[in-house]
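Input: structures, listed below.
Here come two complexes built around chain A, the first alongside chain B, the second alongside chain C.
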Partner chain A sequence: MNQANHSRFPAWSPRALLRNRAFLTVAIVILVWVVAGFAKPGFGSYGHLRYLLELAAVIGLVAIGQTYVVIAGGIDLSVGAIVTVSAVGVPLVALSGDGSGTFAVLIILVAATSIGFLNGLGVAYLRIHPMIMTLAMATFLQGVLILIAGGTAISAQNPLLAWLGNARIIGIPAGVLLWAVVSGAALAVLHATPFGARLYALGANPLASALSGINVQATTMAVYAVSGLAAGLAGVLILGMNGQGYVGIGDPYLLASIAAVVLGGTSILGGSGSYAGTIPGAILLVTITALITVVNASAGWRSILFGSLILLLLLLSGRESQRR
Partner chain B sequence: MTPQAIIKANGLSKSFFGNPVLQNVSIALEPGRIHALLGENGAGKSTLINLLSGALAPDGGEIEIDGRSHRRLTPSEARRAGIAVVQQELSLTSDLSIAENIGLGAYPRRFGLIDYKALARKAREVCDLVGLEENLSTPVGDLPLGRRQMVEIAKALFRKPRILVLDEPTSSLSAHEAQTLTRLLQRLRAEGTAILYISHRLNEVMRLCEHVTVLKDGKVTADRSLQGVDAAGLVRLMVGRDPGDLFPHWTPSPERQTIVEVTGFSSGLLRDIDLEIKRGEILGLGGLVGQGQEDLLLGLYGALPASARRAVFNNVAGLPSSVSRANALGLAYVPADRKREGLHLIHSIAWNMMLPDFGKARGLSRRDPAAERKLATELADRLSIKGDLTRQVQALSGGNQQKVALAKWMPADPPILLLNDPTRGVDVETKREIYVLLRRFAAQGKAIVLSSSDTPELVHLCDRVAVMREGGIAALLEREKISEEAIVAAAMGAEAAKVAA
Partner chain C sequence: MSSMIRTGDDRLYWRVQGERNRGLMGLFAVVAAFLALYAYLFPGLLSVAGVSKFAQSWLPLALVAMAQAILMLTGGISLAIGATVSLGAVIAATTMSGYFGVAGGIVAVSASGLVIGALCGVIAIRLRLPAIIVTLAASFIIGGLALLILPRPGGAIPGWFSDLLAGNTPAALVLVFLVALLWKLYLATPLGLSLYAAGENPVGAYRAGVPVDAARIAAYAISGLLSTLAGLFIAAQTGSGDPVIGQAFTLNSIAAAVLGGVGFLGGRGTMRGAIAGSLLLSVMINVMFFLGFPPVAQYVAQGLIIIGAVALPQLTARFRRRP
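Take a look at the complex of A and B:
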């Protein structure tokens, strides 16, 4: 029996590791860090790497939801706006009796989840294309934010967030720890629960999934709600790190989240990939940004360089997946 | 002295993914003759047309046009040779006008631009031929199906073909339109056009055609003049085959208790049908393609909106409102198009087998990888799916893919199986395995509904056969009455009566 099992499910082999996109992305990150550490003094210092991880944590949190949505065959273009809603919203809902600020954070997380849920509702029941639905949602939120917050930055007086943004536990920033814990949960849900399996089913073949008894509508709504929650959580963290929120604070995270997902080897067409690749994807992204900042060039050139590097990396990894 | 054939196919063969669809098929089309091409669903008629029009390249054989032979024909060569095809699936662009559709790809030009005046004039001519009186600037999407079919025919005529191929042109036409078409074809024949005419309406064929080629499982079983042949003779020509020992021995199952009962059931094409499905039987659904068989299965499965005056499933009243509800009532569905509807091609064999359970289990419960592996191995052993179960399903042959599509329902042990053409594109060996499996299920007291485009399958496997026609049940044949002749006659005979009326 055991023998038969073995032939049906081949044992793990080192060769499989070389075809594992998550592992390859980790290898690239380490390679870049080692090379940059030697080339530029100070890059490899613990302080700098810790700083990079803090930046990556925000992208990584947003990209949890994006990874889920992309695996399920959709895309969420409203994550940037939801990050902003959360970063601007927490100071606005501050209540007098809420000394620790926990309550404000919870309200905002519920709100962010609801926004995602609305996205899911539009995609699942109104059959609006995810790109249109989430883009319209982003535009709508932008308008609401401008009406409420205007052009000013709003400072947060929230002890919980201040702790989240600045505390270190045995030398590790609280934000990075938050990212690590949430990542663990995200990976477990994706790979060890039926819900996670449904996401892969939906992204690979929605029709066959429906005919196999999977509730496509409910799963779609749930996955966009998760995306809203993850973006909301990232917004809370960024507010804690920044001390204040303003309209537009979340904008860079839209492209960053998609880039991290794709750099990590998740197919933009849905159905395959893992958050395990998105984590090094997010780290790679901030590392490249940091390296470009070192280059003595104007902001315009840096942006061009950044875009070109992303394309180059994607081309390389795309060729890799074709070779399989 | 017979006239020289314009186009001749000699010994054409074609396989799809290793399944031979045409084997050594020869046909010759002569000017001024209407040549009928007959055969059951899946006999290879459409493939033959696609070879003649250059849409597909043959694996073997040659096509001879005006005495010049070609290994293969490109679509443009076929067009230049004067071959025009009226497809069964309409190939019109619904947003373009009638005139634009007719001229598409062959627009008259003036100074490099489309000459709309000339287009309108020429389109008018062919429309008059087919009796289209509509304004030529009407978008085709606004026309009823029958009129669209006439536009399709006009489009073929616009190219002034020497060889006109019509694939079931009358299936969507009214009696009046069919008459217009008949007159048109007679006129084209007089003008010396070679016509290849495919139809399931036998009396039409008897009236119109002079010569017939019959295809059966990709082989020519008759190529003769229609003189002295009657309709019954044609049916014999189409179904005459030795079933061999492909099918397991049929033995009745002891259990015959009704498990599904619907009255006044409507869904999609279906209007107001009554049906009873019993434990221990295989109920066949026969008839021509697209007469509502799929709508019946999907409607019962809760995947298509349906209504019924009365419905009882497994002692529970009411129709299942969703697929998960249907699964809970003990129904399982295996789709005909397994690549698009049945399987997740990029995922592994084992993963595909677990899918219905993923849908059913609590979303955030823990999966048990060891149990999953054990179950997948058992299922693979039971259905003799060989090899590594972590391979992607798309790496498997059609037959093995079908086994995976069946296997995934077995853990739930559903008492009611709805199967939509489960042996389509499946090799003979796997077909046999599936047949044995289905009879075994029936013996275990399961109810099986088997929709099939393969008539022998219905004859040798089923306890009862419902022959469907135009969204209704044209005949319900009991075991002793089931024969290929009876099924084909029920699928077509009633149609003959309607056209005559």
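Take a look at the complex of A and C:
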């Protein structure tokens, strides 16, 4: 266990630091921010950076689950749909009435976790490939959502959501604070608990982990449940920031979460990486989007720029190690 | 592969084919059952016009299912299929009514598909970047290109060409068979022969002298070609181009390929399976439409059927192993 930790966190040295993808991603973010701050007045202002962080918080929350799942050797294509379930679900549940809205949020978080758990059930026991299981789940949820919520936007009014969307604690938005707290917990679970170690083992070699006594099924179900919970939390935050939920609100976060994970240096093949890289990955993604919006270009050019930049960043941080 | 064996031993060839069909029997049965149900609900299907119309709704899905399957057979995957379909549609709609006419349009669409596919392949294979994320980024670039060419739905396809492909002729059905035949021929070429080997065991294949990288990049190019051709057909069907018309095809192509028994890890599955999978998906959508399901309920049913179709063989296999 100690040995494994050692290889994951090599002793500090300049070369090791340069090879550390999480650090590289942070460096790229800082570089982009500094360059953009000089090139574009107003970009580097505190208000703007705070706004970027708020946007990154949502992607970051979704990407917690995605990071866990990818490290464990899977992928979750249902996070977008779960974000929508949560953003549309909270107002629906809240209609039945409770004062602060805490109850509604809790119910929805449980529901989101259960959806993730069902994904895990399919992957672990029915042996369905994660991509198919979660894709089918997303298709299923999309249908159910339209049946329940229809095409209209549903607004939510309750104190908890309002606080989450608007409150500033010593100048820091509540959403960013929530992200910071949850990130801390996510990192701790990933790197300092047996569960975290099991995720790496599972992603590196499922057969070997099963033979060494890891309960593969239980771990798989747990990791997808975590992904559901994280996506649900992100949905609640979006609802708070947006004031209303509608079908399709979570769609952009599916690809964003995968991109953040990969930009953060987590191997899409599983078994390596860390949420520490995903955090700057999410910020980087939001920064790119903001920069492209600043450049006054048509929708087509914006899309091309975004894709090209992701490819470029991939070259810096996302390369798979040479196969032997 | 098949042609080589055929010259040696006829019986062996059919045994290999039978072996490859065995896992697909369940799928073929389900497809047949759905087709029968569809014909029962809609007797008009059993006429030239009925078959033509159905084949026209099926062809684009069949093409993208093949585009996805050829990549999955080599161990890759593409999230850019939908964007590539859109690009094919807008290129067809803008070039065909222009100076070079229909022939020029077909050449432009095919060339763009091949080039874009090959570029994705080179980036993913040569630079050793994960295919899923390269094609994800590519989908933004390709979608952006489509928007640049045609910012809003428009353009035109010559009427006679639309009638030829999507009129009351079974041209679409002929095209499906033609593409399937071309696939058989491709499998007999050196690159086609390398395809399964490169997917099943890349390292072993490389050591045996198989051009693994070339086979994979060729697969990406062909995948791009099939996707833009699907776009061309959709443009002919609707008579114009739409820069976002292909979006749904990315996920549907994966679903069809997986329903057809094509595995994600490479080397597992057959093209006939993928085509049957796309047929199943297509018939399913038509049947639900005729049963009066709201379009929304189709999503729900589609999700459940995909899970069921993939899980069932796993479950039966486990029960068989544990007598």
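Everything that follows uses one rule, which is that the second predicted complex is superposed on the first by the 303 of 324 C-alpha atoms of A that agree within 3 Å, B and C clash if a C-alpha of one lies under 4 Å from a C-alpha of the other, contacts with A are read in each partner's own complex, and residues count from 1 in each chain.
The criterion applied here is as follows: a residue touches a chain if its C-beta (ideal position, glycine included) is under 8 Å from a C-beta of that chain, and two chains touch if they have at least 3 such contacts.
Remember, it's a predicted structure, so these values are computed and weren't measured experimentally.
After overlaying the two complexes on the shared chain, residue contacts for A:Ala204 are found with chain B alone; chain C is out of touch. After overlaying the two complexes on the shared chain, residue contacts for A:Ala104 are found with neither chain B nor chain C.
With both structures placed on the common chain, the touch criterion links A:Val262 to chain C but leaves chain B unconnected.
Of the two partner chains placed by the overlay, neither chain B nor chain C lies in contact with A:Val286.
When both complexes are overlaid on chain A, the residue A:Ser272 reaches chain B alone and has no touch with chain C. For chain A, the partner with contacts to more residues, out of chain B and chain C, is C. In the superposed model, A:Ala56 lies in contact with neither chain B nor chain C. When the two structures are aligned on the shared chain, A:Ala22 is found in touch with neither chain B nor chain C. Shared-chain residue A:Val236: touches no atom of chain B or chain C. In the superposition on chain A, no chain A position is in contact with chain B in one complex as well as with chain C in the other. Every residue of chain C that touches chain A in the complex is listed here, in rising order: 123, 127-130, 132-134, 136-148, 151, 202-203, 251, 254-255, 258, 263-264, 294, 296-304, 306-307, 310-311, 314-315. If you check the complex, the residues on chain A that touch chain C are 75, 122, 126-129, 131-133, 135-144, 146-147, 255, 258-259, 262, 267-269, 298-308, 310-311, 314-315, 318-320, 322-324. Those residues of chain B lying in contact with chain A across their complex are 301, 303, 322-324, 326-327, 333, 335, 340-347, 350-351, 354-367, 373-374, 376-377, 380-381, 387-390, 408. Of all residues in chain A, those touching chain B in their complex are 4-5, 7-10, 189, 192-195, 197-198, 200-201, 204-205, 207-215, 222, 271-272.
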